[in-house]
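Shared chain: chain A. Partners: chain B in the first complex, chain C in the second.
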Partner chain A sequence: MFNLPNPQIGGPELFVLEFGDIVAYFSPYTAVLFAFALLFTVLVIVSRPERQVDIAFGGDAYYTKEVEPDLLRFQRFMAIACGLATLGAMVTGDVFNFTLFASMIGITNIGIVAAYRNRHVLNAAFQYGIVAMLATVPLFGGAAIVLSSTGTLSMWELFTAAVAVPLIAKAFLVLGVMGEGMAPFYIAKAEITRAQGAPFILMVHVSSLLLFLRVMEIVISM
Partner chain B sequence: MTPNRSFITRISATISRVENLTALYALLVVIVAVLGLVTLPFIAYHDDQLYPKTLNPASTLDPYDRGGVPFGTTPIKAQYLENSPYAGYVTTYLTPFSQWLADTTHHMGTTIVAHPGGIIDEILYNTRGFDTVVETSILFVAFAIASYLFRRDE
Partner chain C sequence: MIEYLLFATFIGLLFHGIHRKVIARVQGRPGPPIWQEILHTLKFSFKETWIPKTASQTLFVGIVFVAIAIWSGALFILLSGGSILLLFAVYLLHKIVEHGMGLSTGSPYTKFGAIRSVISAASELPLLVTVVAIYFFTRSLSIADITAYQEVNGPLLIIAFPAAVAMYLVILSKMHYGPFSIIEAKEIVSGNMTEHFGVWRAGLEVAYALKTYVLLYAFVLIFIGSLPLWLALLAMLIVLVSLSFVCAVTPMLSPYDTVTIQSLVTGALIIYIVILGVVMG
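On to the complex of A and B.
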């Protein structure tokens, strides 16, 4: 039905899924990202939380940490939602739809880290929340500039050579994705990776990484 | 805390604190926003917009009157018309009750705004229905987080 105007970056088009004006597409590039996100979503669904053991030094004592069912259920739900948002962001063919999925990834990331009770983790989650909320301004601003200066939002049109997207719109898009995908910094700083309920945290890293790869494809193709 | 720390050590020490990352990101946003303001005169508004918006204050559906006849076919503007052959503007989809409300009162436009889906403006572009699904999902996730955090300590 369609043909990708610029097949050098994403490769030839494999499959197209139409939602009205929003046309999701699978090229080798987006299909690989999609498969990767799908794999990690499945891993999140089937995996069980890590049970940690703290060993008291200088003796034989050790104590195990309990993972509350409530926390487990909520974090698994958030991680699955994050995985679904990542799946959408990987294959969508519309700039505004992509920014929506990006901000959904940001919100689910906040949800994953905000479920803890540790004070320093909550501090990090709060700081990340501020950045993610601030990032929606350049994110949606970038999409708005794209729409107003080119008259369309469809990547199939924007990727053609005839349509010139202003540099500042691309910069805004990248900056917005930077803010939404900044969560791994906070995770590393607050050392949440080894906190209880560990496997769901990995979704934060996966989604941020994939989001960066996708926005690079979009910005270079435009 | 040696007095003669190198430049790189100082930068590294600054951004190693989580609290400073917000300020750093805000600084980046300010720089790019200033660049955007500088380049703004060189960006031209594209006249042939795919999603046009006109305001008709006299209409009872004011700010949401997009035109079109209810229960009739309305030619719409869309990127890929072949994907939505039966779509029309939102006025085409008014129920008889909404049509009666719009005919007799002046509050139908505000009713759309007060409607949970109405604050999402994209619902008025029927070719972009997928956006509406994602937006409501974002709202749902945000409510889920808020309710979990609120009900956690009872």
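On to the complex of A and C.
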């Protein structure tokens, strides 16, 4: 019933999942990204955080920091939510759903680090929050331009040669994803990684990279 | 497939040994024998192994298996003529491995390595631009289609030379002892690998050997074309030796300088792509 219009980019379609008129699909490309997101979501669920070793300056002493149970529960909850949003973004066949998942990833990424009581980490989370908020304008604006210029948001239609998506819409989508997911790379990530809870902090990175990989496939295919 | 995986691991480790030997000879040192990395991996495989008390245990162990899995998958993609977008994905996922490896231990040295790995995210950008540049010419990202295109039109190394330079830089970014190897710099002990020893280190050596093999083979396939295995290995060796020369004569850059250089190369390639877009419509 469904055939991906351009299998030369992410490979042929393997499996589709219909939700009414929204049809998620698994190609070799999206399936690999989905599997990777799933693997790290499972790792988040089963892992306990590391105990960071800090050196006490001015002496030979060092101490290990423990993650408080409340913080652990909150970080894990946010990381799982981030994993679920990433899973959705990897296989959705609808541009608007993709933008929704992308913004949810941005929110949960901030949540993972914002609960950690450290001035540097909180500053970084605050900066990330501002960029993520600003990025919703090009992100949803890109989807809106796609809809207004082509009449559809379905990737099954947009990927065909008959539908021409304006370059500005593609640029806005990439810009929006960079703001939502990739923001920490450029403004705050080094500071964010000061926070404890390796499996949860790693989810920030996993979701960013996977989101970037997916938007590349979408933009090249359109 | 299993026998090819073993073959690629063996060749990858041998390449690492040759890399060290060439660097040493250029610098006027005798250097280790070329099979040294194979011996290292065997030695690590039988060493006493445990998990540091401060580590996030599941992540500490899991990340080693993830590293082996993604590069085995990348080898499969190459052999099956899959999409270079998938290969690009694997390259990016390797960044998560580097990051996760560093964060999982609790050690400040590995954490520094992990943070440097995040800072050097710019090393992925030239590869992305390479992918886009190749798509301009071949109108497909399938490796099978790219090699078929080269059989008709000649090697992309000549047709899309700037893209080949960018991919060369990408491979250089991942070479040991190179100007961009900031995540395993000696001032932070062994960077993000510091706490992975014994069997875990052996696993990582295997994954890194596969990575070297895959990246070099991908370069040959994408920019020269499909060759008989012995000729492909020879071409890979030539690329490797040239990389070793660069590593031998270039000091390690500071973290921010690596980002600057990689970003400049990306910028130059974006200009190249814009020109391509205008010229080729």
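Definition applied: the second predicted complex is superposed on the first by the 202 of 222 C-alpha atoms of A that agree within 3 Å, B and C clash if a C-alpha of one lies under 4 Å from a C-alpha of the other, contacts with A are read in each partner's own complex, and residues count from 1 in each chain.
Going forward, a residue touches a chain if its C-beta (ideal position, glycine included) is under 8 Å from a C-beta of that chain, and two chains touch if they have at least 3 such contacts.
All values reported here derive from a predicted model rather than from experimental measurement.
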| item | value |
| --- | --- |
| Touched partner set for A:124, first chain B, second chain C, both or neither | first |
| Contacts of A:39 with chain B and chain C, given as first, second, both or neither | second |
| Winner by number of chain A residues touched, once chain B and chain C are compared | B |
| Chain B versus chain C as contact partner of A:20, first or second or both or neither | first |
| Partner chain in contact with A:147 - chain B first, chain C second, else both or neither | first |
| Which superposed partner A:51 touches (first chain B, second chain C, both, neither) | second |
| On chain A, the residue positions that both chain B and chain C contact, one per complex | 185, 189-190 |
| Complex contact set, residues of chain B against chain A | 16, 18-19, 21-22, 25-26, 28-29, 32-33, 35-36, 39-40, 42-51, 78-80, 83-84, 87, 125-131, 134-135, 137-138, 141-142, 144-145, 148-149, 152 |
| Complex contacts: residues of chain C adjacent to chain A | 53-60, 62, 66, 73, 82-83, 85-86, 88-89, 92-93, 95-96, 99-100, 103-108, 111, 114-115, 118-119, 121, 128, 131-132, 135, 139-142, 145 |
| Chain B partner contacts - residues on chain A that touch it in the complex | 18-23, 70, 74, 77-78, 81, 85, 88, 94, 96-97, 100-101, 103-104, 107-108, 110-111, 114-115, 123-124, 127, 130-131, 134-135, 137-138, 145, 147-154, 156-157, 166-168, 171-172, 175, 178-179, 182, 185-186, 189-190 |
| For the chain A and chain C complex, residues of the former touching the latter | 8-11, 28-29, 32-33, 36, 39-40, 43, 46-55, 64, 185, 189-190, 193, 198-199, 201-202, 205-206, 209, 212-213, 216-217, 220 |
